[in-house]
Every structure is written in structure tokens, then in C-alpha cells.
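Both of the next two complexes hold chain A, though its partner changes from chain B to chain C.
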Partner chain A sequence: MSKARQSTLRTSLVHVALIAYTLVALFPVFLTIINSFKSKQAIFGQPLRLPGPSTFSLIGYETVLKQGDFVTYFQNSTVVTVVSIFLVLLFGAMAAFALSEYRFRGNTLMGLYLAIGIMIPIRLGTVALLQGMVASGLVNTLTSLVLVYTAQGLPLAIFILSEFMRTVSDDLKNAGRIDGLSEYAIFFRLVLPLVRPAMATVAVFTMIPIWNDLWFPLILAPGESTKTVTLGAQLFIGQFVTNWNAVLAALSLAIFPVLVLYVIFSRQLIRGITSGAVK
Partner chain B sequence: MGSLELRNIRKSFGAQEVLKGIDLQVKDGEFVIFVGPSGCGKSTLLRSIAGLEDVTSGAVLINGEDVTVTPPAKRGIAMVFQTYALYPHLSVRDNMALGLKQAGTPTDEINTRVAAATEMLSLEPYLKRRPAELSGGQRQRVAIGRALVREPELFLFDEPLSNLDAALRVQTRVEIARLHRQLGATMIYVTHDQVEAMTLADRIVVLNGGVIEQIGSPMELYNRPANLFVAGFIGSPQMNFVEAARIGEAGVTIGIRPEHLSVSPAEGRFKGKVIHAEHLGADTNLYLETETAGLITVRLFGEHRYAADDVVHATPDPTKIHRFDEKGRSIVA
Partner chain C sequence: MTDLAPEQGEQASRRRPRRWHILVFLAPAVVIYTAVMILPLFETLRQSLFNVVDGERAFVGFANFATLFGDPRWASDFWNALGNNFVFFLIHMAVQNPIGIALAALLSLPGLRFAAFYRTAFFLPTLLSFVIVGFIWKLILSPIWGVAPWLLDLVGMKSLFAPWLGKPGSALIAVSLVSVWQFIGIPMMLIYAALLNIPEEVIEAAEIDGITGWGQFFKIKLPLVLPAIGIISILTFVGNFNAFDLVYTMQGALAGPDRATDILGTFLYRTFFGFQLQLGDPSMGATIATIMFLIILIGVCIYLFGIQRRIRRYQF
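Let's turn to the complex of A and B:
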């Protein structure tokens, strides 16, 4: 940071605030992870203490891996999340390209219609969705979840991506047209690489609510073979007795896949391949 | 090969008509420049020729063939853009080769053509680089190279020099002139810079508000402007316009170019006070507040020792006075 524009005091204040926020944000995650490695007594006795020789226990992880089919749950969560992100990005980007690139009657109305989903919670339509899924025989399939999540993610994706696509130089697209690229080639080979940072943003925003969702898996796909991780972890939460070791262990495990996906996308966010494309 | 004909081109965006019936014929090998102020429709016209914009009515003919509804890639054109518009993720070589690959040209042919363009524009050292690793001038040369390899009937330039700095602009201008001589290709060039227009063009098309004001060679436009607009647009500093009645001349408006006025401290036709003097070394521009003719600009060649508040007399060269009628049209003596 430039020394001429930043006083040491101001810089350190900013850092203090940021570090404090980081600690607040990470504290629950930290608590979950350390307690997942402790015995039940230690969790309740000294919840803030790090696991020591006397309190260390892998009983939570053992329970998780023995009871229930967590490998399948993880697989289900991953499949649903990855496929939904892919579809949201593909259709979202295509719709955004059409809205930002082509002049047609009703363009603005169409944009508004597609963006209105940001404001209306999809859960309001749960009953209708369930009826629809029952009618089409999709209950207890991952397809039902993918369909719902794709619909849920599209409005925000279209909204963000169409703003970004407006910034892609018209000259570049026209150069492609003169070189004989089809509209699809222009979209996939010229525009998409340039809006990659925006795509990564959308992917992250889309991914986290899907991975953490409990509502739709519970309603649309509660069957053993289609359970997701968050639904699977509910196995250990009872009305009267809760197996906290197992719950914490399941949650700790559930953090990692999403963390890996996040790292992949955030690298895209940072990489600046687009600089110097025009001007 | 390489002729262009525009027949009554009209283009509207919604209710707004941007091009109001453009007719133009460009012969093979000609260098034609569209000039005009911002928003006069010159870029829209170029994009209509390229096929990037559909015309509302009228026809575009390239080599006598109607291409009004032909896609851009099949019109036999190549275009150079103001923002270069290079593909950021491709190397210089691939940037030039992409269009040919897309058209299914055999690899040998692509290599020969890219090599020829590289040689012509001295791009040898940069072939493997990405556009981001090149300077503005180099990028524009690559963009020109990408146009060259297509071996088009028609080159289209959309303000190609606007993003370059002054020195590079002159250099690239010379390069484009040299390319035109070497290739003998037909070129259509859009600019708002009249120096580019005057120095490069065989013929200049002056556009204003979606209509053609005048078509002619640079010297025709300079010496015989058809109307007030062209007279004011071509030439720098701008032509002086004086109400004819005020100075007892025929016609409605009198136009005198700043370089066709001479100045003397002692006597002359318009007595006035210098309100500002610009000393450019080769030229001296004087802004005079005169008693009879109002505010006029005088361009003197070489250095002169005039300063603000000097009282001087300006006299026009009587053979180089332009007269305009009440509709702004030139009156031919």
C-alpha cells in the first residue's frame, strides 16, 4: 500500500477491525472443529478448551462413519451442488448474454421478470413444487433437488452476469463476427473467459445455500439413497437426546468439500487474465 | 475487385433516424474517409457496410453483388477497430490466423499469409506474445495484420488511431498510407480527425446529422466547400464567417480562412485589437476583435511579434473569399 496516502494509524485501525471480524466469523467454525475431537463429557465440561490427551476422542467420527451411509450423503451433496452450479452458470450466462447483447422487444421486461426471483423466496412455492415433483414422479431423486436449486440460483446469476457482460467490449464481439465466429463461439470463446471473475462470484453465491440447505432435501428427497449431508447429520439430533459428538463431526466433515470448491473458484476470482484485452 | 456501392441507406434506432438516405460509390483501390462530428452517423454507416448493423432500408453492394443481408464474415471485408479488439486469450499469431481457420483455409495457406503480414508490419518478435504483453502501437499493428491476412475486398477502419498518442498516431498514419499504396486495396476509414482525413484520403465524405454534406478530394473540400458546414469543418483553425451586409459584400455570409488574411499594423480592411496570440513556432494565430467583422482568427506563417492589446489591420485575399447564400450553400462566382 502506498505510504503517501495511508497513515500508519489508519492502516492499523483498519487491520484491527478486519482481524476482529475474521475472529468473530471463524470462531464458530473453530469451536465446531475442536469439539468434534473431544469426548462428550469434555464438550459439555470445557467447551472452549482444546482437545488434550485426556479429552481427545474420535468417537464422533467413528459414529458418523459407522452409522448411516455418510459416503453416499457426501456424494449426493456434491452431485447436487456441482450439477446445480453448472446449470446455473450455463443458463444464467446464456440468458445474461442474450439480455445484454441483443436488442429485442420486451428486453427490459424480460430482464425484470428474470430478476424478480431474487426478491421472492422460492420456499413460498414449496407445496406447489412438491405437488409438481409428485406428479412427475421425481420425489426422492437428486434431479428434483437440482431442478429446484437451478431455479433458485438463476435470478441472481442473470442479474450479476448481465451487468458484467455489458462491460465486454462490443468491438471484440464484432471482431469475432467478422472473423466468422458463430454467436455461440463468441459467447463461449470470447465473452465467457472475460467474465470469469463474475462467474466465480456467482458460483460461490450459488453454492453455499445449496450445500447448507436442509429444507428441500427434507421435503423432496428424504429417502436414504438421496439424503444430503445436512439432512444426514439430523440423524444424530433427537428430540430428547442429541449425539453432539456425531453432529459436530459430521459438520466438520461437511465443511471440507465446500472449502475445496471455494478455493477453486476464488483462484478464478483473483486471476486477472483479462487485463489488456482492449485499450 | 473491391468496389462498393451504397444505395439510399437508411437506418433508424427506434424513432430516431440516424442515416437519412446515403448514396455513395467507391471505386476499386480508392481510399475513402468518412468524417463528421460525433453522432453524425459515420460509425453506424461503417458498421452497416460491415454487416454488423442491419440497415432499415437501402442496399449495400460489394463488387456489384448485393450483400445487404449477407453475414459479415462472408462479405469479403476486414475491419480494424478503435479499441484494437484483439482476442485476449490468443497469441498474436493465433489472433491473425483465427478468421482463416474459421473459414477452413488450409494450414499452408494460413502460414504463408500470416508470414506475409508479419513481414509487412514487422511483427516478427511478437508472434508468440499475448495482446496484454504489447504496447498500444503494437496492438494496433496486430489488429491491422489480422485484417491483412483475410486478403479482403474492402478494408474498414473505425477510428483506428484514436487511442494512440500523438507521435504514434503520425507513425501509424504513414504506415496505413504505405499499406494502401502497396496493396492497392479499397479502404474505407472513419475518423473525426480532419488531419487524418486530409492526409490519407483520395476522397472525403463529410457527414452531418445522417446526411452527406459533400464528397470530394481533400483539396476540393478545402478550396470549394459546398456549404457552411463543410467550410467550417474542414480547415484548422476554423474558417471565419462574417455577415456579408456588415462588410458590404454580396451574398448572405462571407467565409474567409484564417490563413488567407494578412495583417499589418498600419493599414488594412478590418481594424481590430488582438485579444489573444498563440505562438506555435511555425505558425502564429491571432484572435482579433474587429470593428466591422466581429471576432476573427488570423493564421500567420512563421514567427510574429504581436501581443494582446496590439491594434492591427487585417486584409483578406480577395481571390480566396467564399460566399454563401441564405440556405448556407456556396455561391459559385
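Let's turn to the complex of A and C:
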């Protein structure tokens, strides 16, 4: 009896601690979103109240949509992220297949060479990277960002995918070879469909840092037509720093796509991490 | 294309013609990786040995490093940024990782309800961009808005409130804690995964021996997840010594007040790119990037050869 009561007490204490941290994690986001729908007076007067009929206002969103070119920024971010993920997955899977499937001289060395990028951040090469982009006329193009993010995403993608490709059965591949499939057909038609779950995990891991990056858009593509959402929001907020309605609305708009993606992909992401995809 | 022989067997591989498909599979990744990542990295390291002398680029050996460490115009900024960066890292190690481990330990308790909800909530900040995180906290901590004093008032500590981001003594701690808030999901998830991987039998054996609760956590589970703790430590190290974005969004490129939040990333940005009246200096930028590279390299080597090898791994 007393033991049962003790364990109920323990469980509730655990929940109290977890709920407390949930509040810490979610409160700032919640606060931003509710205040973005309020009039300026209400933002300062009652920051913690939900917007009511007398305090509801969309003035912040109007300012953002009128002033900032967020549709373009959003398109830029989407193009850069989608193309980079596609290239990382395609090239990463191809290289992972070569490393895990074939025995050739320098295989281990090549694997190590490609793994350097997991630990050493690409940012440290920025000085020469910018000079190279200037020399090749790629500054202020989305191509420069795609190239950088592809290179940045490849090492981890190759590492994770080659671990998964080792688990694909040899019998299946050899059966394909006996049936006269080329090595390319074996890769694209037999192996790729089997590693789809791992590809999804890699896609999510690759996507987050690309979408959120501020450094490379700031340095390689700060032009008006190539700004990403992250950089656009940063500059917009910097300009409108005293217009709290606009700042809160811009922040809410920037949170929105992340929230939607997270709701869609959170199971994939969490399964990916907890299955030990990142070692 | 015509090569259909199985890959196994040394003799087969000697007779076989060149296997071009291996090259085709490897080439795109290796070319992009080498051209965009490895070559610029080494070119940057090389440029740290050059500088402009009398209007021409010349090899100067380690003179740039001597300037960075010793020249009064550079040295105080550099040592300040380096010191701040270590404080930034230590705060992460002392706050982020223990809280992350504690949350993971609670989440992994058997039969816990709503675990998926908590997990999702804890990980959300990690997905937000630095711009969002930086500004949200800037607003919350702002004395103009009054949310932070109001919250402190709830627990009766209103008198403790100060404009933390604006004071040199507390700004770095405040920014570090915001970064901790943002990234706590990563150690939590990795430790959580490691805790879930501990086999039932080990836990059952401990329970039979009467080891439960706290004792079980510290004596059984914690030693078993040490490799994961090693990984989160090195990830934190690399991430912290490469950080830039959060300080930039919260405190600007000058990393104010009075360089109190300046870390190597923001110092590199200002030096290389220039800011306001200061002109950009690629050579010194490359020098700072080289120092960051060496720090990260040393950290990774200590981890790989000093820590990872000594940690006892348990095979289940």
C-alpha cells in the first residue's frame, strides 16, 4: 500500500519536472505567436493575455507583407533547400553505395577522407570559398548556396547511408547480377528503394541546418533577389526593431513553416536519432 | 556496364577490366566535396601565411599569428574572443548536458505516459532558426517589454531582474543560456537513444540485486551511456567553437556590450568581412579561421584518441 503510494508520488514528481521543462521550451514560442495578433498597446499592457476581441490586431502582419519581400525569400529558401537535399541524397547515396558495395584499393582511405567533413565545419574555409565564388562569378546566386550546402551535407549522408547499405542483402544484389542487371540498375532499382527510410532520416538532418543557416546567405548571397528567409527575417527585424507588431509577426511567420515541417517529420526525425543513425 | 562478375575474390578482381562504375558512383560526391569544402579549407589555411606587404601579396610565415597574439590592436580582441568562447563552451557543458541527461533519464523511465509529447516539445527549440531564437529571447529579456520581470515576480524575485543582455558582466552568460535552451534537444535525444538501448536484462539484474532509483541511474545506466556522453561533449565543443549566428542575431556583429559576447565566430566575421569603419582583412580572417581549425582539430583528436578509446564499451 505505502509502496504504491510512494510510486504514485514519484510518477507525479517526474511529470511535474517534465511539464516544467515543457513550459520552458514552449513558452517563448507561445508568447511570440499570441502577441503577434495583438495591438501594440496590448502587447505592452498585457503581454501574457491571449488576444481578445478588443486587443486583436493584424497590423504587424500587414506591415510585414507590405514591406518585406517575404514571398521571394521563401521561394529562395525552398529552392536552395530542396535542390541541396536532392543532390546530397543522390550523390551521397551513390558514393555510399560505392564505398559499401565494392572492394577497391583506397576504399578505407576514401571513407576517412569523406568523413573529415563530419567534424570539421565547412565555415572555416569561408575566406577562400568567397574568393572562389567571386572568381567564378557565383556570388549572389542561389547556385553558390546549393554547392556549399551540398558539400556540407555529403559527409554525414555518406556515413549514415553506407551503414544502412551494408545491411542490404548480398543475395538480392547477386540475383540481380545473374539476371543481367547493370551495376547502375542494381543501385537505382534494387538498393535505393530499400534504403528509403534512411534517406528520409538524412533528408531531415540535412534540411534543418540549411534552412536555418545565416552565415552563408549573409556572406555569399546577400543580394535582394537571393536572400533566404532566415537572412530576410534578420534584416527585416533589424530595420523594424522598434515596431514590435512587425517584429513579432515576422517571427511568427518564420516559425510557421518549421512547425508544419516538424509536425510532419517529427516521428521520422526522432526515430532516426533514436535508432542510432547518428553515431 | 558489362562488368557483371561478383565482387568477391582476389583473383577475379585481378582479371577484371577497370570497374568504371565505381568511379561514376564516387565522382560527383568526391568532386563537389573536394572543390567546395576541402580545397577552400586548405586554401584558407595557406592564406594565413600570406599578407599584403607594400601593396603586394607576399609570404610572411607566421607573422600573422604573431600579430594576432601580440599586436596590441589585435591581441586584446583575440584573447577576449577566445576566453569568451571557452566560457561559452563551459556553460554549455555545465548546464546543457546535465539537464539534457536528466531529461533523457526521466523520459526513458518505463511506462511513462506522454513521453512522445514531452520529447517533441523539448526538441522544438532545436529546429528554430537562430534569428527566431535570438529575437524571441531578446524581446523576453528586454526591460521595455517587462515579461522577464513579470515572470520573476511570480516567484517573488523581481528584484533580481536586470537588463542582462546590456550589461558586460552578464551578457555572455545570458547569450550562452539562450543557446543552451536552443540546443538542449540534441544531448537529450542522443542520451535518450542510448538509455533505450540498454537491454532489459541488465536493468532486471540490477533490480534483483536491489539497485533501483537513483542508485540504478548512477551505478548502472550512467556508465553504460558514457560513450554517448563523449559524443555529445565533442559535438558541443565543435558547435561552440564554430558558433556565430546566435551572438550575431542577439548582439549584432560588434558582439556588445563592449565585446562582452564576442566569440571566435563573430571576431572572424568582423575581421574578414569588415564592419562599419573597419575594413575587411582576408589574411587576418584566414589566420583566425586557422586558429579555429586548430582548436577544433585538437578537440576532435583529444576525443578520438584520448577519450573514445578509454571509454569502456559494453557489447550487448
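Miscellaneous remarks
The rule is short, and it goes like this: the second predicted complex is superposed on the first by the 204 of 279 C-alpha atoms of A that agree within 3 Å, B and C clash if a C-alpha of one lies under 4 Å from a C-alpha of the other, contacts with A are read in each partner's own complex, and residues count from 1 in each chain.
Going forward, contacts are C-beta pairs under 8 Å (C-beta built on N, C-alpha and C of every residue); 3 or more make two chains touch, one makes a residue touch a chain.
The shown structure was predicted, so the numbers you read here are calculated from the model rather than taken from an experiment.
In the superposition on chain A, contact of A:256 is made with neither chain B nor chain C. In the superposed pair of complexes, A:169 makes contact with chain B only, with no contact to chain C. Looking at the shared chain after the overlay, A:177 reaches both chain B and chain C.
In the superposition on chain A, contact is made by A:194 with chain B only, not with chain C. Of the two partner chains placed by the overlay, neither chain B nor chain C lies in contact with A:86.
Note on chain A: of its two partners chain C and chain B, the one contacting more of its residues is C. By the document's definition of touching, of the two partners only chain C reaches A:102; chain B does not. Applying the stated contact rule after C-alpha superposition, one finds that A:237 touches chain C and leaves chain B untouched.
Comparing the two interfaces of chain A, the one with chain B and the one with chain C have residues 174, 177, 180, 273-276, 278-279 in common.
The part of chain A that touches chain C in the complex is made up of residues 11, 14-15, 17-18, 21-22, 24-26, 28-29, 31-32, 43-44, 47-48, 87, 90-92, 94-95, 97-99, 101-104, 110, 114, 116-117, 119-129, 131-132, 147-148, 150-152, 154-155, 158, 174, 177, 180, 182-184, 187, 208, 211-215, 219, 230, 233-234, 237, 244, 247-248, 251, 254-255, 258-259, 261-262, 266, 269-270, 273-276, 278-279. Of all the residues in chain C, the ones that touch chain A in their complex are 1, 3-8, 13, 19, 21-22, 24-26, 28-30, 32-33, 35-44, 47, 99, 103, 106-107, 109, 112-114, 117-132, 135-137, 139-140, 144-147, 150, 181, 184, 189-190, 192-193, 196-197, 231, 234, 238, 242, 244-245, 248-249, 265, 268-269, 272-273, 282, 285-286, 289, 292-293, 296-297, 300. On the side of chain B, the complex with chain A involves touching residues 47, 50-52, 71-74, 77-79, 81-89, 98-99, 102-103, 130-134, 136, 146, 158, 163.
For chain A in complex with chain B, the touching residues are 169, 171-172, 174-181, 189-190, 193-194, 273-279.
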